[in-house]
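In order of appearance the chains are A, B, C, D and E, and numbering begins at 1 in each one.
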Amino acid sequence: MSEYFRDIGSGITTILTGMGITLRHFFNAVKRKGDAGIDEDNYFSQVDGLVTLQYPREAIPTPEIGRYRLYNDIDDCIGCNQCARACPIDCIAIETIKVTKDDLAVCGKTSGGQQKRFWVPVFDIDVAQCMTCGICSAVCPTECLYHTQVSDFSEFSRDNLIYHFGNLTKLEAESKRKKLEEEKKSAPAPKPKPKPKPAPEAGSDKDSM
Amino acid sequence: MQELEKAEYSSVRVTPKGEDRVIIEKDLSSEEMILNMGPQHPSTHGVLRLECKTDGEVVIEAEPYLGYLHRCFEKHAEMVDYPGVVPFVDRMDYLASMNNDFAFCIAVEKLLDIEIPRRVEFIRVIVSELNRIASHLVAIGTYAIDLGAFTPFLFCFRDREHILNLLEWTSGARMLYNYILIGGVAYDLPQGFKKRTLEFVKYFRPKALELQKLLTENEIFVKRTKGIGMMPAEVAINYGWSGPMLRGSGVDWDLRKEDAYSIYPELDFKVCVPDGKSSDIGDSLSRHLVRAMEMEQSLDIVEQCLEMMPEEEGFDPKAAIPKRIRPKAGEVYGRAENPRGELGFYIQSDGKSTKPLRCKARSSCFVNLSAMKELSLGQLIPDLVAIIGSIDIVLGEVDR
Amino acid sequence: MEDTQENMPQSSEVIAAGKVWHVLREKFGDAISELDENPFMPFFEVRQTERWREIALYMRDSASLRFNYMACLSGVDYPEEEMLGIVCNLESLGHHGHKIAVKVKCDRNGGTIPSVAKVWKTAEWHEREAFDMYGMIFSGHPDPRRILCPEDWEGYPLRKDYQVQETYHGIKVPN
Amino acid sequence: MNASLNTWSDALSELYLFGLPIGLVIIAAVPLVFIALYALTYGVYGERKISAFMQDRLGPMEVGKWGILQTLADILKLLQKEDIVNKSADKFLFVIGPGVLFVGSFLAFAVLPFGPAFIGADLNVGLFYAIGIVALEVVGILAAGWGSNNKWALYGAIRSVAQIVSYEIPAAIAILCGAMMAGTLSMQQFNLLQQGEYGFIHFFLFQNPIAWLPFIIYFIASLAETNRAPFDIPEAESELVAGYFTEYTGMKFAVIFLAEYGSMFMVSAIISIVFLGGWNSPLPNIGPLALNDWTTGPVWGAFWIVMKGFFFIFIQMWLRWTLPRLRVDQLMHLCWKVLTPFAFVAFVLIAVWEIYVK
Amino acid sequence: MGLLDANISKHNVLVTSVDNVLNWARLSSLWPMGFGLACCAIEMMATNASNYDLERFGIFPRSSPRQSDLMIVAGTVTMKMAERVVRLYEQMPEPRYVLSMGSCSNCGGPYWKHGYHVLKGVDRIIPVDVYVPGCPPRPESLIGGLLKIQELVRMEQIGISRAEALKKLQEKSIDPGQLIQDARQGVEAS
């Protein structure tokens, strides 16, 4: 019998405690936590009150190292194919054409001053597949492939999620390929490769000629 | 050959408070009904499916069906090289990616036999303990939803958001971090991380207390969970339970103490075992209490680590990462304490390839869930929900 | 697989495993193989597969062993040896604290391994999983069904020679 | 006195324009407009906002200023949705279920006095009618749950029936305590008896030292009758998907939704009439400050009863967003082993007080 | 809307303004089905939770498919699950929308290559309206995706199909991302 009344008693007290907590939150609803980023000093300055951020209008900033949309700065890309090989899910497709000697100047240098030796007619990233693990950007020697902080880029069509970063049109690529063939014919001894040896399981890349 | 004595297991069905249980009256015979719970059901925490045979509200038998989220982790582990496995490991127990990575890296590092810089160990422990808190917050929050309380769930997620922000600041992703790499971590801690984390600890302690008052001490919550889903310690061990589930049954067993991996032996924390006063040892409430207590312990660990962590200027957390990860031939079973229990990786390497020959993940939820059939015998449907919630499954880890 | 012999001092784990192995060797003789004393995971192999359940029961109930906790049971494929196998990581939790791993192998085509699902309840689902992934039969298993893949799935996915099926219920499977 | 107060109603009921009973229409329209406004917008909207603030969120914001058009949009959308009737459903029961539920919950508004003048029908058994007709919902819920031919819906319906029928008993006894204090069952009489210049002092809750007990018992029981948390087991989302209305789509679902809010207001109105003076102003006359007199009148009456109703609705929401859900057997335990005995005790004590002390 | 399709001519003034109201109602109260599959489900829950609070847009999850307008496929769809996804989709009343959240449901994502048991894109079994990339998408991305769904609903009319609405949307090319950017810049400026 005593347990019966104790249960009723504790039931009432705990329910009232709980209601007190929710009521306190209800009255705290006039305060709002701001949109300070985690790296700002006032991040924890407001601990009570509403925490909702009205996203399209306000958002807390994404940290600098945030890994979201994958972006390739094709001007800096040397077509080394390391990212495609490192990607655990093969969401990067690269085709490269070796630059002929006379074109080296046209092809230009990376911002780091490295001579680019490959045209990259196809550099497709399927961001719909990408799992933002960051392995590709870690291996990139010129740091041209990186994840941006942009995360909101939904699309109506799946095809729009395949990003093309290639720096040549199809026609241009065709002509470059022809040019390379000609040069090869004229100079039979191939030069040593300017990049690390590809692993045997490297995919359909055409750079290992 | 002698068979296992069934009598040992009959204790599962007995609950100490007999009066609360529903006794099926035999003269009121009713038809059994097959009730299909899931895979899309609010309380199955994902895509678990339970086929329940019910008699009125009483579940006579509940058979779990898995595989609705079977994502072929083990196949992928055999197909991609060691660093590439880590993102897939992340996606196994998606609530505690850091801890998953930690367990996997421990296993591979055992095989590689490499020395980890001391600061890296500290960073790993800090992030995985933070993630443990986040994971337990989800567990507690969804448990509250299962029992019908919506507000604690949102409070849990609100506090979890701070942890996610901290971890995103550190690792660059919100949930699936790929941060703990084999032999190191991806980035050093950001500037001001220590200060912010200490602020978080200061912020979180009163919030945890509030959560306790709002949910854990609530009489209705206690009534719903106390004495439900009893699991005696012996049976729990035989089922292979681990983590908070096993500790809820009163077994003082924590891999952080037992295996003493990383820098845990240097830290001062206690293994949380229910005291048996507010709950019956082995019931759903005990498991919930263990989780709540572990959050406190994790806060302590984080504080200690931040104190003890060696500060190094220009520290390169990737320094110890081998250029090419190709372990020598051998087998290893490495494990770590996940928020849900023991997460072990059995890895076989042939010494030639950069890919594991075999990588089996011993997932804690998978093992914990296997007791579901026995736990659900003769329970009411609401209790069934309470039991599933207390097991705290993550289907990604169950099905892998 | 090839054993790697290291010239390093044996860890306490290996020494404890050695003691366990001696107890078992005395009891079962040649039914179990030599202990592989690798530092990460000392293991022995059960040579007489059909005695595996007996050994398991002894390991669980013998007062000096008390392997009451099965941490993991992994199915393994050995294509060169034409064998399938399981690796069990056992531990005496709360009693002695020692660990050991046990390997059991069976023939690749239609081989059977005695089920230990009733010795360690953990094994029940793990064995179902091993069956699901590799297709070895566990004799005496209380519920021998697939667990992760659908009942009507073709093939055993983790075998090294697995070919994925083209369609499943009219849905294209490969990419 | 009785006749004079209802002059407005009487006058209206005799108002004929162009041979049409316009007055009668107006009498019916006043509560209906209120219901529409309340149930369509402020009931649901209020719940969403209140729950949001309790949970540190903002709640509806984007649909109209501060989201005030949210419920309107919901209803408009539900109107447009495809109306699915299961192939295997019992079509008659499936269709009739929401209707009965809706009618049951809104029929009771007929005897609800919205002021000294506005009352649909001043029955001499008004209270009896009100608590009786609210229980009609059970039929609707059972029809909906059974007709859906869905196991979850059936569970919800059976639970709901068991729950509502059980909780009728403590609720009725608690209300009986109030009726004993008043000596009448007429809703309008209840209000009149609690009128007085000292405002809240005249309310039955403060007229009797034990009155708080039936008051609390009725409040708890009314939560269960309207399937509100912590007694929302018939629609327990985590257990039964959506309870007895799992299979309902579109407008039928909207009707069920509105019926729930309608009965929420109904029980709140009943409790405020029986124990808290209905449309009487709670403010007392303090010397020259004749607060009570100033705040009494037909319009004020409607204001007070609606405010009192809203107050209880707020408490209902407050409880809902605080507490976990009870289990089925605990619910019955609470009803039969806690509330009913206490209701009887309250009944006896109030009877003793009314006969010997007062 | 078969009957209406046939009888009401396009660009009718009355129909257009009625359309606007009806579309406004639909886009203001998109009720998704609380349908969590994997990792993304947690981010979906986080979006529903206090910090991002989808209820601001009138989006609040229903657990029964019968009462939902929108299916957020949040996570990996496996072969075993595929038939159930289709069934759930079929249980939803028209007009219904599908938002594919995360890499896995877009195209199998990380499990694209070796995932023998993973469905390579939920659009193989049900029509998808909006793809939200990310693994898992941030709550912001999910909200962005939902805003896209709202844009799509706004473009729909009695008498034109969803494909046409999509085309129209492309012609008008209201980019919610741009709107969002503008709004954010506006706030920053003020």
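By definition in this document, a contact is a pair of C-beta atoms (placed from the backbone, for glycine too) under 8 Å apart; a residue touches a chain by one contact, two chains touch by 3 or more.
Note that the coordinates shown come from a computational prediction; the quantities given were computed from them, not determined experimentally.
When the partners of chain B are compared with those of chain D, the chains appearing in both lists are A, E. The minimal number of chain-to-chain contact steps leading from chain C to chain D is 2. For chain E, the chain with the farthest CA centroid is C.
Distance from per-chain Cα centroids to the pooled protein Cα centroid is smallest for B. Interface comparison, A-D versus A-E: the pair with the greater number of contacting C-beta pairs is A-E. Put simply, the chain farthest from chain A by mean CA position is D. Separating the CA-averaged centres of chain C and chain E is a span of 46 Å.
Averaging C-alpha coordinates per chain places the centre of chain A 29 Å away from that of chain B. Centre-to-centre, using mean CA coordinates, chain B is 24 Å away from chain C.
For the pair chain B and chain E, the distance between C-alpha centroids works out to 32 Å.
Each of residues 148-150, 157 in chain C touches at least two other chains.
Residue positions of chain B with contacts to 2 or more other chains are 41-42, 67, 70, 72, 75-76, 80, 87-88, 91, 151, 154-155, 158, 161, 176, 214-215, 218, 220, 399. The residues of chain D that reach two or more other chains are 54-58, 61, 237, 241, 321-323, listed in rising order. Of all possible chain pairings, those that touch are A-B, A-D, A-E, B-C, B-D, B-E, C-E, D-E.
Touching chain B in their complex are the following residues of chain A: 7, 10-11, 14-15, 17-18, 21-22, 38-39, 43-44, 47, 51, 60, 62-63, 65-67, 86, 88, 131-135, 138, 147. Within the complex, the chain E residues that touch chain D are 21-22, 24-26, 28-29, 49-50, 53, 55-58, 60, 62-64, 66-67, 69, 91, 93-95. For chain E in complex with chain B, the residues that touch the partner chain are 33-39, 41-43, 45-46, 49-51, 63, 65, 75-76, 78, 80-81, 84, 88, 110-111, 113-118, 135-136, 138. Contacts from chain B toward chain D in the complex involve residues 20, 22, 33, 35-36, 41-43, 57, 144-151, 154-155, 158, 214-215, 218, 220-221, 223-224, 380-383, 385. Of all residues in chain E, only 79-80, 82-83, 108, 112-113, 116-117, 119-120, 124-125 touch chain C in the complex they form.
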